[in-house]
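Quick heads-up: structures coming right below.
Okay, so chain A shows up in both of these, paired with chain B first and chain C after.
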Partner chain A sequence: MTAEPAKLDVSLQEHEEKQEWWWIAEKKRSKRLDYLRKAVWKKGALGGNYAPGIKVDLEGPKLFTDMWKWWKFDPIIMRRAKALAHVFDNIPIFITDHSQLVGYWGSAPHTISWRVDGASIVNEELYNEPGIMPEPEEESLRKVAEINDYWAGQTAVDKVARILDPEDAVKFLSGAIGWGAPTSAYGYSGKNYEYYLKGERGFEDIIADIEDHIAEAEEKTIGVPGPDILHIYDRIQNWEAMILVLEAAIRFAKRYARLARTMAEHLETDEKRKEELLRIAETCERVPAKAPRNLQESFQMDLLIQTMSRFEASEGAWPARPDYYHGPFYEKDVLQDKSLTEEEATDLIGEFMIRAYEVGGFGPRWAREGMQGITGTWVWTIGGVKPDGSDACNALTTAFLRTARLIRVSNPTFAFRWHPKVSDEVMRECFECIRHGLGYPSFRNDPILVANCMNWHGHPVEEARTWVHQACMSPCPTTKNGVQPFRMASATANCAKMVEYALHNGYDHVVGMQMGPQTGDARTFTDFEQLFDAWTQQMQWLLSLLVRTVNLGRYKDPEFYGRPFLSGITERAVERGIDAVSPEGERGNCWITAFTWVENADSLAAVKKLVFDDKKYTMDQLITALETNWDGYEQMRLDFVNKAPKWGNDDDYVDDIMLRCLRTMAKHSKVMRCTSNNTWPAAPQNVSGNIHYSSVVGALPNGRRLGDALYDGGISPGPGLDKKGPTAVLKSCGKIDHVADGRAFLLNQRLSPTQMAGEKGYQLWRAYMRTWADLGLDHIQFNMVSDKTLRAAQKDPEKYQEVIVRVAGYSAHFVDISRKTQDNIIQRTIQGI
Partner chain B sequence: MKCPECSYEAPVPEFRYLYNVRIDAPLTLRQCPQCQAWLSVDELAGESTGKVEAGDAPWGKSAGIERDLEEAV
Partner chain C sequence: MSTCSDCKSFFPREDEPGKGDCVRRVVDPRQAYYTTRPKNPEEDASGCGEFRKR
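Right after this comes the complex of A and B.
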């Protein structure tokens, strides 16, 4: 298939006037990209449910379980390696028509993968999930039941849950204060790109290195007896497991090569496609065994590694820096050698994004609700600086931005590392993406975040400058000692509970149990300091509990789970013979995701103002109103909303409370320590946890009822409460020290498509962005879709399948998210700038 | 409160509370326990202001420039 664009008919200008960007994309992209984009199955849950036709993959789980059972006497890491290798060697593979990149996390394009050894509770949920069993359903259910029976009690979560403190375990599992699981079976895997994606090294090179390490170690195990050689036996096992999996990974790629070659030689009649299939074959014979030599090989290596990592663990994020690592190949192929035309390269770039969009695994309901419309947070980092501080933007940076507008996928999205040397050309490309309603790239303030990395975790500056988004927001270097190999998601705090528990003596009226410490009956509080003291204690208790689960998970993970493949691509593990998740030699780069944060400041300010300063209401009245979910207290509720200062209006009354909360939390972040004895800063942001927790967080003094969505951003003002305009929002947010007060702070802003039209719109936006940078904010992202379009999409979803919105740290197709989330997005203030 | 769809009558809290996307407005969404219709409810008046269908905007336009521009006209 050629790279020429599909035929144009209805005027593009007409679509542009109506802001129907999806039609423009369809008309401008090549026939190949059009086919690939439309042929892809949507794996993200719609609201909370999978799309019709999506089935769980039972091939991989069966292969894995069979071989796991077979090697029951092996050391656990070898057992895992052999089971994984068996999947690589036997799972059915396929090549999509017209595609040039291969590799999928499942046996067929419509399947979602299933991590059988992660958590029994997830396995049970999968058994009960309607509509996802392959036909014949009865037989599939029998297979699932058999697999579930086998794994019950011996999954990673079962193992760690048994040794958690029982009280911590019950409170954590209540679902009220956090989510995620303290295991590397699910979560966010950092990638040591500096080790394996610089075009310098293939798996054969890594294997050769490991063999040297083993030979050296074995010299010691036949040497002088003593305690200092005992740990080496375990290390040799780890190394052997790495080799076993890396070799299987090479074979996995070669299976694709063989399939492509067979198709080319025996099945394909079209000469052009035959050539493409042979190129796929050559590519997969080359990578990942050897270092890539061109753009296609570089993309293919990256994609295969991401795919294979997911066969090992259900990785919920896709940290990447594609322009930086693939850029040199783009420049060589397209600009220097001219072995690829720009259009041919666009096809590869577009497909690289589509192959990532295609990836999906089964997630429990809380995860589906918390990340509506997507299957994980594939936030790809672009732009930024090189380790020497010079501009890292290259020709591939703009090529990715241009291609994103043609492909219009909601996952991956881009986050752009802005710095003062970024060219106007690149900024215009970024702006075009936002103007086209993609909601991305989001903007990250690079100098601030590099300083933040150095401040919280002590990364040397050259290391800090390699950072990528490990999930939605938090920066993670890609270096040997700087990379966090695995971020377990259970350090995700439902922070609105801090103020809720401070008001209810630590008791949770929603789940009906004593959760936090008993910090006193709030009805008897006589001044604000008593309330703030209770809040502080609840905050410390809540964060400490969650952090304990992760620390324990990290400590026990090599024994309970183990990641031989991830270890094989992580320099620190290869060098030392440890499992990658083991903290040995890791600098430590932890963070707490702080969901539902801003409610704390707005609630505390409202109590201070109306109860303690103005004395308009008593604590007793307030607690009674909250206990009835404000039913029958509407006027009082409106007073708490409208007669108390709200965050985001440049009002020091509430902004000072926000800063005090953040700084009290930051102090505790330094008291808590990770497995590398480093700090635990918080990153306020919500994914779509603000919707998930709407039925978990009780009524609050900021005026919300149980059931209402929480505020959408990490530091975004409440929808409609930012009444003083965009500069006031930036000024409030600019009072936060984005280096020292926490890890990262998510700010959502909505802009008017009408106001942002044309060159004038761009210039207005640039001026606004200069203010943003000057005030030292670390993050901002934009929605630029009108109320009218969004309401029309609610009314007639079929017609508006391709409308994309920025939800929180990610984007989603508007029609895939729940009505409540949709309404929440529509009611965000559209700022005129 | 009376349901404008099926005329079912009961105190407001008996209509299942759904949500309010504009915390600064007294307008909420509740569901009629008899006919299951989604209703917009004026919590101050204790009355339903009507049935809410997909794409309806009981809160009106979102705050900010577009609303300001409209009001200025």
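Right after this comes the complex of A and C.
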């Protein structure tokens, strides 16, 4: 299929005037991209439910479990390597019509994968999930039950749960204070791109290196006896597991090559398609066995590695820097050799994004509700600087931004590393994406975040400059000692509970149990300092519990789970013969995701103002009102909403409380240590946790009732509470030290599509962004879709299937998120700048 | 008894004698594709609903 536009239409101008960017995209993109984009089975849950037709893949889980049972006497890393190799060798694979890139985490395009050995509670939930069992349903349920029976009690989470402090375990599993699973079975795996994605080595080179290490180690094991050689035996097992799975990975790619060649030689009649299939065959015979030579091979290698990593663990994020690592091949093929036209390259770029968009695994309901519309946070990093500090933007940076507007996927999204040397051309491409309503790229202040990487984790400047988003927000280097092989989502804190517990003596009225420490009956507090002391203790308790759990999970993971494939693509593990998850030699890059954060500042400020300063209400009245969920206290509630200062209005009264909370937390972040003995800074943000936790967080002194949506951002003001305009929002946020006060701070802003139209709109936005940079904020992202369009989409969702919005650290199609989340986005203040 | 090697969808592997792949065309509601899974040529195909005599 050629890269010609799908259709020509004279009404493009009309669509542009109506800001119907999705119709423009459909008409401008090539026939191939149009087919592939529409061919995707959407895996993101709609609200909390999977779309009709989506089925759980049972082929992979059965293959994996069968082989796992067979090798029951092997060490865990070898057992996983053999089971994984069996999946690579036998799972059905497919090649979609018109595609040029291959690889999928499942046996058919409509399937979602299932991590059988992660957590029994997830397995039980899968068994009971309506609508996702393949036909015949009864037979599928029987297979699932058999698999569940086998894994019950021996999944990674089952093993961690058995050794956790029982009280910690109950409180963590209550779902009230945080979420996640302390195992790399569901981690956010950082990738050591500096090792394997620079076009310098393939898996055969890595295998040769490992064989050298084994030979050297074996020499020692037949040498002088002593305690210093005992650890080598385990390392040899680890190396052998890496080789086994890397060889299987090469065979997996060659299965695609064989299928493409069979199709070309026996089944395809179109000569052009035959050529494409033979090119796919040649590509998959080349990578990942050997280093890539061109753009297609580079994309294909990256895609296969991401796919195969997911067969090993249900990776919930997709850290990437595609323009930086694939850019040299784009420039060679398109600009120097001219072996690819720009249009042909656009087809490859678009398909690369579509292949990521279609990936999906089964997630428990809390995860689906917390990340509505997507299956993980594929936040791809673009822009930034090279290790020497020079501008890293290249021709592929702008090509990705242009292509994003043509295919309009909600996952992956881009996060742009802005720095002062970024050209106007690149900024205009970024702005066009926002103007087209994609909600991305988000903007990251690169000099601030490089300094932040150095401040919190001691990464050397050259390594810090390689950073990518490990999940939604937090930067992580891609270097040997800087990359974090995985980060478990279980250090994700529901921070609104800090102030809630400070007001209720550590008791949780929603789940009905004593959760935090008993910090005193707040009715007896006579000044703000007593309340703040209680808040500090609750904050320290909550974060420490989550971090303890993650640290333990991380420490035990090589014993309880094991990552032979990830180890084989991680230089530190290859060099040392360790599981990549072992912290040995890793600098450490942990962070706490701080959900529902801003409620703390607004609530504490409201109590200080109306109870302790103005003495309009007593603590006794406040606690009584909160315990009744403000029922019967509406006038009082409105006072707490309207007569107390709110974050985001450049008001030092509340802004100082925000800074005090952040700095108190930052102090504790340095006390808590990770398995590499490094710090645990917090990154205030929400995915759609502000909706998920709305029924978990009780009434608060900012006037919020149980059930109301929480604030949407990490440092975004409450919806409609930022009344002093966009500059005041930036000034409030600019009071935060974005290097020392935490790891990253998410700021959502809505802009008016009408005001942002044309050159004038662009210049207004540039001026706004200059203020953002001058104030030293580390993050900002925009929604630029009108209320009119969003309300029309609520009324007639079929007509507005392709409208995308920025939810929090990710984007989603508006029709895929719950009504409550939709309303929350509409309620956000549209800033006139 | 029909075996997989008697089927039109069976393609023997040139470099791995005694092994082959079942390659089939699938058209689902959103896309069309070719899918493959490894097959032993001597496997009993009498119960296979997709069997097409070579």
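To be clear about the criterion, the second predicted complex is superposed on the first by the 832 of 833 C-alpha atoms of A that agree within 3 Å, B and C clash if a C-alpha of one lies under 4 Å from a C-alpha of the other, contacts with A are read in each partner's own complex, and residues count from 1 in each chain.
In this section, a contact is a pair of C-beta atoms (placed from the backbone, for glycine too) under 8 Å apart; a residue touches a chain by one contact, two chains touch by 3 or more.
As the structure is a computational prediction, the values presented were derived from the model and not from experiment.
Participant: Under the stated touch criterion, name the partner, chain B or chain C, that contacts more residues in chain A.
Facilitator: Of the two chains, more chain A residues are contacted by B.
Participant: After superposition on the shared chain, which partner residues are touched by A:337: those of chain B (first), chain C (second), both, or neither?
Facilitator: Once the two structures are laid over each other on A, A:337 reaches no partner at all.
Participant: With both complexes overlaid on chain A, does A:694 touch chain B (first), chain C (second), both or neither?
Facilitator: In the superposition, A:694 touches chain B alone.
Participant: So, does A:165 touch the first partner chain B, the second partner chain C, both, or neither?
Facilitator: A:165 contacts neither chain B nor chain C.
Participant: With the two complexes superposed on chain A, say which partner A:718 touches: chain B (first), chain C (second), both, or neither.
Facilitator: A:718: touches chain B, not chain C.
Participant: Now for A:89: first (chain B), second (chain C), both, or neither, which partner does it touch?
Facilitator: Touch partner of A:89: chain C, not chain B.
Participant: When the two structures are overlaid on chain A, which partner does A:652 contact: first (chain B), second (chain C), both, or neither?
Facilitator: A:652 contacts neither chain B nor chain C.
Participant: If you stack the two complexes on chain A, which partner ends up touching A:702: first (chain B), second (chain C), both, or neither?
Facilitator: Only chain B; A:702 stays clear of chain C.
Participant: Return the residues of chain A at which the contacts from chain B and from chain C coincide.
Facilitator: none
Participant: For a test of understanding, state which residues of chain C touch chain A in their complex under the given definition.
Facilitator: 11, 13, 21, 23, 25-26, 28-38
Participant: Tell me, which parts of chain A touch chain B in their complex?
Facilitator: It is residues 629, 631-632, 634-635, 637-638, 641-642, 694, 702-709, 718-723, 750, 752, 754-755, 786-787, 791-796, 819-820, 823-824, 826-832 of chain A that touch chain B.
Participant: Would you pull the chain B residues touching chain A in the complex into a rising list?
Facilitator: 12-13, 17-26, 28, 43-44, 53-57, 59, 61-69
Participant: Which chain A residues qualify as touching chain C in the complex?
Facilitator: 35, 38-41, 53, 89-97, 107-110, 255, 258-259, 262-263, 266-267
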